[in-house]
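Below: one structure, written as structure tokens.
Order as written gives the chain letters A, B, C and D; numbering starts at 1 within each chain.
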Amino acid sequence: MKKLLVSIAALAALGLSSVASAEMVLNRGGGDNPGSLDPHQISGTWESDIARDQFMGLYTEAADGSIIPGAALSHTVSDDGLTYTFKLREHNWSDGTPVTAGDFEFAFKRILDPATAADYAYLMHIIAGGADFNGGEGSVDAVGVKAIDDMTLEVKLASPAPYFIAQTTHNTAYPVPKHVVEKFGGDWARPENIVVNGAFKVDDWVIGEKLTVKKNPMFYDAGNVALDAVNYFPIKEETAELNLYREGGLDVTYNMPADIIDEIKAEFGDEVMITPYGGTYYYTFNATSEPFNNVDIRRALSMTIDRDFITTVVNTSGIVPAYSFVPTSLPGYQAQNPSWASKSYDERVAMAKDLLAGAGYGADNPLKIQLRYNTNEGHKNIALAVSDMWAKLGVEVELFNTDARTHYDDLQKQDFQVGRAGWIWDYPDAENLLALMASGKSYNYGQYSNAEFDALLEASYTQSGQERIETMQKAEAIAMEEAALAPIYYYNSKHLVASYVNGYVANGDDRHPSRWISISE
Amino acid sequence: MAYVLRRFGQMLILVVIALAAVFSTQRLAPGGPFDGEKPPPPDILINLEAYYDMDLGMPAQFMGYLFGMAARDVGANGRPGRVHWVSIPKAAEVSITGSLDGEDLGETLVVRKWCPWGEWLRRFVDKPVDARPLRKCGIVRGDFGLSMTKRNIYVNDYVRDGLPGTLKYAIPSLLFALFLGVPMGFVAAYFQNTRLDFSMVSVGMIGTIIPNLVMGPLLIYLLANQLDGFFHWIFVDQLEWVELSRRQRTLNLIPSGKSGGPIHYLLPTLVLGTALLGRIVRLSRAGALEALRSNYVRTARSKGLPNWLILFRHVLKPGILPVVTYLGPVSAVILTGSLVIEFTFSLPGLGSQFISAATDRDYTLLMGTTVILLLFVIVLNFIVDLLYTWLDPRIRTGGSPT
Amino acid sequence: MSTQSASPVLSIKDLTIRFKTPDGWVKAVNGVSLDLNQSEILGIVGESGSGKSQSFMAPMGLLADNAEVSGQALFQGHDLLSLGTRELNQIRGTKISMVFQDPMTCLNPYLSIATQMMEGLRYHNPDISRRDAKKRCIDMLDQVAIPDAARRFNQYPHELSGGMRQRLMIAIALLNDPQILIADEPTTALDVTIQAQILDILRALQAERNMSIVLITHDLGVVAETCDRVAVMYGGRLQEVAPAKELFENPQHPYTIALMQATPRVEADDKTQRLAAIPGQPPNMRVPPPGCAFFPRCAVGQAQPCSERAPELEERQPGHSCACFRMEAALKLRETGHV
Amino acid sequence: MSLLRPKSTEEALNGAFETVKSRSLTRLAFERFARNKVAVVSSFILVILVLMAIFAPVAEMLTGYAMEFQDRNFYSAKPPNWEARHFFGTDQNGRDILVRVIFGLRISMLVALVAATVALIVGVLYGAISGLVGGWVDVLMMRFLDLLISYPLTLIAVIALAYFGRNIYIVFAIIGLVEWQIMARVVRGQVLSLRNSDFIEAARATGAPTGAIVRRHIIPNVIGIAVVYLTLTIPEVILVESFLGFLGLGVQEPNTSLGVLISEGATRVEHKPWLVFAPGAFLIILLMALNFIGDGLRDAFDPKDR
């Protein structure tokens, strides 16, 4: 018997996970394969996580997500709120050359340059001349960004934007090493050529397996960066990620299986971190086609979605029911709920039946609609639940599920009746969400259009401070009352964070730069 | 030798036909590579399509994909403008065949940067050369182009990193199925219609019947979690031989990024291997039965040879023949990756690219993966043919296999 | 010519073989007793299905798995029928070896001739060196008159003609100097000219090696030329056993007589005479008749003794025994042409 | 005058032995199949499954839950509980698993049926013609097969579903398209070895047209191997269907198939094992039955098997 036990022990040792190496290494769930390391040519949150570790914008985030000075030490704003002047910090690129205001000017102009074809360039349309240049009409000189000298950068805005400082933390506003981009062109961001000014620099990238970033010794604050290296593992399937976390292979996960939250909480207790995330999951109605151009139909359908049932039973990951489109977690903004939001569900069902009857739909002439969603377990569950709720109204619902590309392509072509969609703010400001309901916008899938709403939104661009917020709140109230779209719940970010990981602080933007993270034994 | 050349010629034609087929039909699929939750606004979309030369006519794009497009001048508004085909004749002097409508070559000539002969072209063209990125170098020069959804990843990168990942679990699975399946098939044939025959076939059948989708998580649950928990309980809690924190595992069967040791490929091999096992057992059983009933085995018996020698020498080759025929095309599909295995065990590999290429409408990746699968199919068919001639001498010496 | 007194090399005693099939038992051989003497060529003659092949497959252990065998087959003091495969393998291929009917399928198409020859030789005497073994094989090929033996040695079976393949089979069988060679219809699949060559080779080798041969065939011509002694089988039983000359000159069993009359004779005076075919069909071995198996087709058979009891094999003259109740009627019929 | 007096046949056959009944190959095969106990039990099980699939609504009455009914108090996958007549528990959306499995069985069997017939008809014919005709036609047909196998299945599925709408028959057509390729290759291999055997030469000698040769000579000989492959193709087909379901390109909600049910339950085998047990058990029973029947048929129809 002894001999058997010894052999099993030997076998066990073979598979022993690696002895804790001297280096402090963090293993993070990476979500998906990053498409590129060039901060101007990425659009996914999993890609911006990696860019955030490699680059540092004028301003950057602290561990808790609050904005702190980054490449810029300070900035001054002109009284008309249009001109920002930034004082840069003395720091170098990872190849030793100093970071200058010229790099920022080159970067801002590069992302707006049509040839770069950056997906997210529209975020920088706030810069004077940016929209025209990016649209191919204006010339590059008209763009309102200029390096006064090596250490000062002046940026002119098209219209006052209190959120501009927050936006400088976004990867669209990251600097790029001018001398490297000019030398390597499109290939400058490949691991062998890339030069960064952030806390980490890519060391090795095996697509589909692992992307490793090592501490950048030239980083100005390298001394306080605890981690020596970070491994990103692109694991799309949540259950596989969960198994790997349980295996000790991951210290932090990118996501969590939503339908077994209770079991996971039971197993991992306080390692589960669920925080509200700046975004809303909603159904959009095709306002250009029958019967959804009729406000009553839209309101009837929106009010009979039992959001409490969805957020407590269908999806138990602690998501918050949404009645307004702008998430309640947005600081300084009072979310506008439609009038029926305060009524009990049964009252709402009765109201809805009258509205439907008023529009000529009832038992004899049932309303037939097609509810579209893209292939995903969560979307399917909610769609089934909603179709059951509407069925109780006498509405016949046909579910139609396609892959993501077809889904969004049809939404943009208004080839749908009711479609599932979601929007996460690019920067914490209501305008970024309300713009989705302005008429004519490409993201306004349902092409809802209301003159008063558009006017109010337009006006808000020229205002600032509390007055601007009031205007936007009035605009949202109109849209919500007219059920431009049916918000269902506000997103939340779900992570499993091992107990020995500190510096991974919950925040509304779900941004966790590795710079602040350390591992205690 | 002529035979090999002919097969090589066939291969080239096949690759071009396959590419043409996929290229022309992939645009039929609704939606494009840039549709998504946050699609780029219209004017950005135009830039993106220009970046990938999707604004050109279909034939031009296909030519560009096959032979590489060297130069595209920069339009007035900074947008990529007209195409100049730069082809390099043998004598290596530059001839620009695009029509320049009388404009002198004064514009900046945009040169392909990383295509090997890009550097070379600079020496001959005295104009200031704007190293504006150009995308393609063409399949003829071994560049499968830039992925449309992952802006900085080339299809070549996917293959360079994905293929080894896939082979690491595909090859052991194939070998597992072969080295277990064939003997099982022989034993089943030798003890035909006995309990042993029945049990061999049903053991094989387990793999084919339980889908990979279920077998994966089932094995993870049983082996990686429960069994591991059991070892953990014994060695760490009871015997205290090994000091491990609760979170560290003893067997560590699940591939964790940290140590990609061979033990991590045990579970995937079991899953994929058993899926193949059933088929191979059945096929080698049929082949072996055929041989055991033959006269030449009776002759061998009359020579007083022991059973193991008869099985090993006389029955081996006819027994393997049907398996080889079957494995030809099938192993091509397996060697290029199985999405389910990669998905369940979060293994790197090509399998997921095959599927995501189609669902993401990543046209260049789609064409790249199709060509790779086709190359595998052709090469493996060729190997099967070679195996055939080795196995069945009658084919080699012109006789017909009776 | 052999004499009766020499000790039998192989003696089969009361051999019964039956096969278990879904439709019931098939009794292929019931109660055959026969001795094979030293350096004698014993011919076994009978229509197909008479059990002639099965009788000698049994001692070699080559019967199908659903066979059930009783009786004895004594060889050098062992009863072959009761030996296990391991012991039987010591005898098969070394002391007794076999040649089969269809040379096209009896050689493994996937293996070279060299492999198929050497394997028998080197398994049974492991200490032989590769070179000696090869030399011995090539010598054997020469002995069976295969031209250019060295080149043929490395070829594959399909590259040889039917006749050459049968010679190869014989060569393989004789490699280990067996005492007994069982030839199961060796010439049936070959045309006449090749047949003669094969038979000459068999006779030459038998004489030179002083071994005994069992020649199973349905061709009386082959038997007449080659065999010392002949046993006629019908319906799984021995009907008549006699020295070859004696059998052809003085056939006593009605079946043998009918066989003789059904065979074209070179020296027959009136060649235009129609040959007499034997009416009826061979017996269905699933339900063997209680009496004499030949009774339904027997010209002289009478219901009384013939259909009740199977006649025993009695020795009429020295070395010539026959199993028939109606001996006199058969002889009278043979002389006068009618009963 | 022959020496022997020919006996009259009646007299000769006076009950001495009964003649062997002549039976056609199919009767013989049927009898041999009937003796194979396992195959008979399997076909019995198959009949039960077919009946369950046809009378699926009965299951709804039995448990009182319609297939798409979402039981509010049994939402997000509750384990089996007998009082509420959820015998196999409920799925993520509170729908009764027993009822969904039976409806899923219906679709999975349809998939198996369609794919089997396509694989048999197209595969065998394609392989037979390619093997028999030989020459450059054979090379052309085989290379076309190489092309087909490398063409991305997912792309075909997306295009077909986009242009022909989302009904089930399109899904069947897509699956059918995939599975006959292996059958064709195998049948070709078999035909190649049959091609120069004597009876084909003889048939050719009598001037029989290729079609007749294929129908009368090739197909009966190839049936054995074809059936073996059929038993291999069917599990493959059901897995392809579940794979399409997994990608959202398969069967549309609210109806479902065994494959889809299993792929949904697969990742939850640790926390909610009942999600995958019921569909898994049914699928395993179905496939085992089909496999054993296939074996039984193969052994029964194999002419060489005495």
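In this text, a contact is a pair of C-beta atoms (placed from the backbone, for glycine too) under 8 Å apart; a residue touches a chain by one contact, two chains touch by 3 or more.
As the structure is a computational prediction, the values presented were derived from the model and not from experiment.
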{"item": "Chain nearest the overall Cα centroid", "value": "B"}
{"item": "Interface with more contacting C-beta pairs, comparing B-C to A-B", "value": "A-B"}
{"item": "Maximum centroid distance from chain A, chain identifier (CA atoms)", "value": "C"}
{"item": "CA centroid of chain B to CA centroid of chain C, Å", "value": "60"}
{"item": "Intercentroid distance (Cα basis), chain D paired with chain C, Å", "value": "49"}
{"item": "Where chain A and chain B are represented by their mean Cα positions, the distance between them in whole Å", "value": "34"}
{"item": "Averaged-CA centre spacing for the pair chain C and chain A, given as whole angstrom", "value": "91"}
{"item": "Where chain D touches two or more other chains at once, by residue number", "value": "158, 162, 247, 267-268"}
{"item": "Contacts with 2+ other chains: residues of chain B", "value": "29-30, 217, 220, 225, 344, 359, 401-402"}
{"item": "Two or more partner chains touched - positions in chain C", "value": "none"}
{"item": "For the chain D and chain A complex, residues of the former touching the latter", "value": "70, 72, 75-77, 92-93, 158, 161-162, 166, 247-249, 252-254, 264, 267-268, 271-272"}
{"item": "Residues on chain B engaged by chain D in the complex (per definition of touch)", "value": "10, 14, 17-18, 21-22, 25-26, 28-30, 198, 201-202, 205, 208-214, 216-218, 220-221, 225, 278-279, 282-283, 286, 293, 322, 325-326, 328-330, 332-333, 339-340, 344, 354-355, 357-359, 366, 369-370, 373-374, 377-378, 381, 400-402"}
{"item": "Chain B - residues contacting chain C, complex", "value": "294-307, 309, 313-314, 317-318, 391-394, 397, 399, 401-402"}
{"item": "Residues on chain C engaged by chain B in the complex (per definition of touch)", "value": "60-62, 85-86, 88-94, 97-98, 100, 102, 104-112, 115, 119-120, 123-124, 156, 158-159, 169, 172-173"}
{"item": "Complex contacts: residues of chain B adjacent to chain A", "value": "29-44, 46-48, 50-51, 74, 77-80, 113-114, 131-133, 147, 149-153, 157-158, 161-162, 165, 217, 220, 224-225, 231, 234-235, 239, 241-242, 244, 247-261, 263, 342-346, 348-349, 352-353, 359-361"}
